[in-house]
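Several structures are given next for inspection.
Two complexes, one shared chain (chain A), two partners (chain B, chain C).
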Partner chain A sequence: MSIPRFRTSINDYLEGLPEPVLIRLYYSPATCLAIFRLLPAMAQLFIMTMLFNDKPLEATDLNGWVQDGSTPKQYEALEKLRGMHLIKESQGTISLQKTFRAGLRNALTGGDHNNSFGIPCNTEDKHKVDIKFLDEHANNQWELILHFMVGTDTGKVPNNGVLSLLRHSGLMEGSAPSNMLITNAGFQFLLQDVNAQIWTLLLQYLNMSEDLQMDAVEVLHFLFMLGSLELGQDYSLVALSPTQKIMLDDLRDYGIVYQRKSSSRRFYPTRLATTLTSDTGALLTASASMDSAISQKERETGFVILETNFKVYAYTDSPLQIAVLNLFVHLKSRFVNMVAGQISRESVRKALSNGITADQIITYLTVHAHPQMRKSIPLLPPTVVDQIRLWQLEMERMKIVEGYLYSDFSSKNEYDVIAGYAHDLGVMAWEKPNKRMFFVTKEGNQQIVDFVRRKVHGGA
Partner chain B sequence: MPRAVKGVLVECDPSIKALIINLDSKNHNVVLADLDDEHLVIEERMVEHVKRELDSQLAENTFKPAELDDIQRK
Partner chain C sequence: MNAVDGSSHVPQVGFASELEQELPSLLVLILDTSPLGWGTQSPPISLHEAVASLLIFINSHLALNHSNEAAVIASHTNCIKYLYPVPGEDYSILAPKSTVTSGTESSEEMIPNGQSNGDNGTPNDASMYRQFRVVNESVMKQLELLLSGTSTSDIEHNGKISDTTLISGALSTSLAYINRLVGGVNDNGPKLRARILVVSVCSDLASQYVPIMNCIFAAQKMKVPIDICKIGNNTVFLQQAADTTGGVYMHLEHPRGMIQYLMTAFLPDRALRKHLVLPTQSSIDFRAACFCHKRIVDIGYVCNICLSIYCQPPADGSCAICDTIFDPKELADLLKKPVVVTTTVPKTKTKKKKKKDSDATPNFTPGP
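Up next, the complex of A and B:
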């Protein structure tokens, strides 16, 4: 049984787009800036060296920026830039894609006339809302979706847009709201942090919007614009295209933006929106700040007691929490205000094979520990924590790499040259020089094959 | 001119490797190359089969306290 992997990374999505679409994207300075923020550090460095340089660079010039031994990273960065068509290469020179260069320059120097960063409202909002309200609103909307996924009876059902998105993304199955059930992928989704969850849904939204004849470029422009907005500021709808106004309705359902009424002429981005394109560090602090906003409540509601004999007592009647516990605890009895169960090899293995990691389990238990548990140091019984980690190791008895085994080299020299190239590419998985054999990953094989052909061709 | 063979590189303990070799000994359709103590290359389409077999063999050697608990109560 294979678990569908989430394409949580917007980068993967962008790399899959054809060049003309990407170039249309780069017409928006806000998008250029957002894409720049999503790139790895080395790629950012390369872009910065070329940004204000109108002449193309010699490709070899870039080597000067890279430390010896970081060549694999350089290949990776260039590969990424090529994949997103951010650079143009010809006869050993490199230059930035023109539209992207103009867009990013505009974003940095503030010469943007397209209003791609959103227009703040210039009139006072009579029903002004503060950041605390926005956080709460975002949280409520988001939790409504999560609660619906695990089947909590809150009396409220998310809008049809949300339902079809959940169905479309394979997180839930079923045709009517009353018989929709969560899938394995859905459980895995529940344990991700909020930011990853949002991107998972938004990427599905992108896929779906293509089916609905919505323009992917406009959808992306809007998402990247949201990432650059300021929390607590209200923005005007004037600059939005019709497609983007439709999107606004959907995003309101996810809690990513707030509008008082659907006819309102202004909208507020919530914290879910403004952290969309932040890098990982900021992402963690952002989700942490989201957590700290509700931490007061959280600390009081720590409810799980874990004993050294692997028994778990959870003082909760929330179906959401029970459903999450059920992912990795063998639950045995349920009472009015608590459930009891046991962590066993089987229950943890079930969770692991659903793609949940040992660390996620341990973090969950730590975060939700009952106040009574907080008296003991360390918080969780070490025997249990170690055992959960051991169970995970047991699942990973074999480390598997798909690829190609190279052998039968005619000379030591030939071996050294080709093996050296494989090292530079960072695709070497195993090697044994004295047997003249090595193993390269599937991704790198084509480059090795080309290299060998060139060598043989050049030598002959 | 070197030769390239498509396959899956497996890195594991010598004990696990012994089990895989043992699996192969029946039909010789699993292992493509035995590299060293902790590495071998196996047939791509046999990976799931090998994982299943390993799981079932290792599960036989495991003590299950949860089941014991249930039995006692009965």
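Up next, the complex of A and C:
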């Protein structure tokens, strides 16, 4: 469930990049592969069809491949490809962007000596570490950050790099470590799962790196490369650029890579790194607490019981968990191994006004449900789920859609044709047939304009 | 009030279907490795060229989604063999350097990237994604082992060289594999969506009619589509396999352009296929093979009890499958040659002929 969120964020970032930067990105096969995986299935198919076909594709051919009812999907896929500058369109034909095409081909065939998937060390490490150690290292580093955010007193403070990143990203405010306080955005951040959290931080890191005169392309190359590395393998620093070596120091602080000491010539990616571009095997959930007394198994199974009377019982003594729960639950009593509280309109509205969404709350409760809860279907009491959503709806009486209004159609027929086309594309936001007016989203407007122009030309 | 009744924003169902879209898929590739089948192709395509295309195809499949999985099974003349994953090998840990080296060496001339061997035997480590490398190396290595271990006696059948291959064995193995990976161990529903792709070159499968049909029906029940990528002559039963299970049957007219066929027609997974117009077969050969001589028949005789198919009435007057003894009089009628009589038109049998009279079978006692 975290994946769509992370996808949108990294996708949005990539789509915001100017074309020359994107093209430089596509020089690395590892990056091409990672970007390819972020695309919707239909877009992936279009790319694959064009990948080994030297001739450009007729745009009309695409219409023949896609079922009539699925035109919106086709439209969405092409829009995405255009946004990422992956396709070139000229005179009704479509072809793949050359650099990307070469890059993806290389990734699939393993051709070319590109080293973009990381160079393993060929000498034995005298201080070899195993996967368990790496997991622990990643866990400790990451939780140090989370605990610092909720203000748990662990006696340790993250490095300056981490602190300035937290400050820069608006997750915490305050100038010195002793007086830094978590913001609303920070609380939202805590509700996400680890993968989403890492991407949030890394995207902030990207933004920050631009200010520090670091090359965003190199930073992205490095991140996507990390996502394709093998856990437990040591990699050599030889192929890394100076920028990437600086990055390595920062990533070490987040627990994404492990280096025994900063002068070491090798580094190990941790599970946080190798799952960067995937959704499987995420190391720990946001719930993972610092309490080492809780065994790995219990940690995975969840601890929250939600009853139909809106009462919440959470079997945890982790300050982190309790802080997170406190975001949307009115906690009433605390015991040695459990806290009890109640979800109320006020508590949820407080969370909503902090920018936390109903879906986030529901996802959190689902993910961390106690094993006892898993016996019932549906998992969460529907009354509570519905109520939380209704409380959110109370806040959203208005919805703002940017777009364009079409009116003054000369005939009913003309209106029907164009409105029908807008429906097919799935860009219709609002319509009023008896007044012959409709409203389309900003993204879809160009398509409609083209269509109208074609119609007018065709008719004249 | 419509907006508050919760129907529009509680997307329990929509949510589930959205999740379904995201399900990773498992591709089981069955590769026909019959030496004669590949040797007699015209226009020619060598096994090496085909394997190179298939490896790229598998890589592409793995590239679609991080959790996609693949398995490759070779259907040889007298045995089947897992090319990937090899039973007993653990791919989650790093292969020892020596294995990696031998794997790449043997595959050097076959994979298109083989020429870059500058770095002491581990040329692909840094330029190939790990998941791809593991699969490709395993397939090449196992295929090499399989082919080098094949002698002429293996491809001889009853004294003559045949291009047959154990498709039925490969199909049942892959169904078992799918069942193991997808099957109901997890109570949250299937974690994977499976499909089978058969790359077939052999033309004669009649001897395996019954096992193949059984596999087809099993696959249909498991909702596993069987895609067929056919090189060379059309094969009757494979057309039926694709048709029954809702898979794609494609006969490659230009086998050298195999990669393009694979990428366009066979790559989309089940979720995406709903939205696509896929190649369909205009005419499907629904003929069956008889149980007695394994011949493909247009018109045959069917046992009225067990529906076994015969190309001619059984000589001993009883069904070879269920031992039903047929009425000798009826049998004699069936064997009658049409007599040319000027006045009456002889009765000709057009369609599959069924003996209707069940009372005529003496040792069969009908139910209450």
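Details
One rule holds for everything that comes next: the second predicted complex is superposed on the first by the 311 of 460 C-alpha atoms of A that agree within 3 Å, B and C clash if a C-alpha of one lies under 4 Å from a C-alpha of the other, contacts with A are read in each partner's own complex, and residues count from 1 in each chain.
Here is the rule we use: contacts are C-beta pairs under 8 Å (C-beta built on N, C-alpha and C of every residue); 3 or more make two chains touch, one makes a residue touch a chain.
Because the structure is predicted, anything quoted here is derived from the model rather than measured.
Looking at the shared chain after the overlay, A:Val456 reaches chain B, while chain C stays out of its contact range. In the superposition on chain A, A:Ser228 makes contact with chain C only, not with chain B.
The larger set of touched chain A residues comes from C, when the choice is between chain B and chain C. In the superposition on chain A, no contact is made by A:Glu76 with either chain B or chain C.
Using the contact criterion defined above for the overlaid structures, shared-chain residue A:His330 touches chain B, although it does not reach chain C. Of the two partner chains, chain C is the only one that A:Val66 touches; chain B does not reach it.
Judged by the touch definition given at the top, the superposed model places A:Glu15 against neither chain B nor chain C. When the shared chain is aligned, chain B comes close enough to touch A:Trp430, but chain C does not.
Those residues of chain A whose C-beta lies close enough to touch chain B in the complex are 310, 330, 342, 344-347, 394, 397-410, 414-415, 418, 429-430, 432, 437, 439, 445, 448-449, 452, 456. Chain A makes touch with chain C in their complex at residues 3, 29-30, 33, 36-37, 41-42, 44-45, 48-49, 51-53, 64-67, 69-70, 73-74, 106-120, 122, 228-230, 232-233, 239, 277-280, 378, 385-386, 389-390, 393.
On chain C, the positions that touch chain A within their shared complex are 3-4, 6, 9-10, 12, 21-22, 56, 59-60, 63-67, 93-94, 111-113, 116, 118, 122-130, 132-133, 136, 259-260, 263-264, 267-269, 271-272, 274-277. Those residues of chain B that touch chain A in the complex are listed here as 1-13, 16, 32-33, 35-36, 39, 41, 44, 47, 50-51, 54, 58, 62, 64-66, 69.
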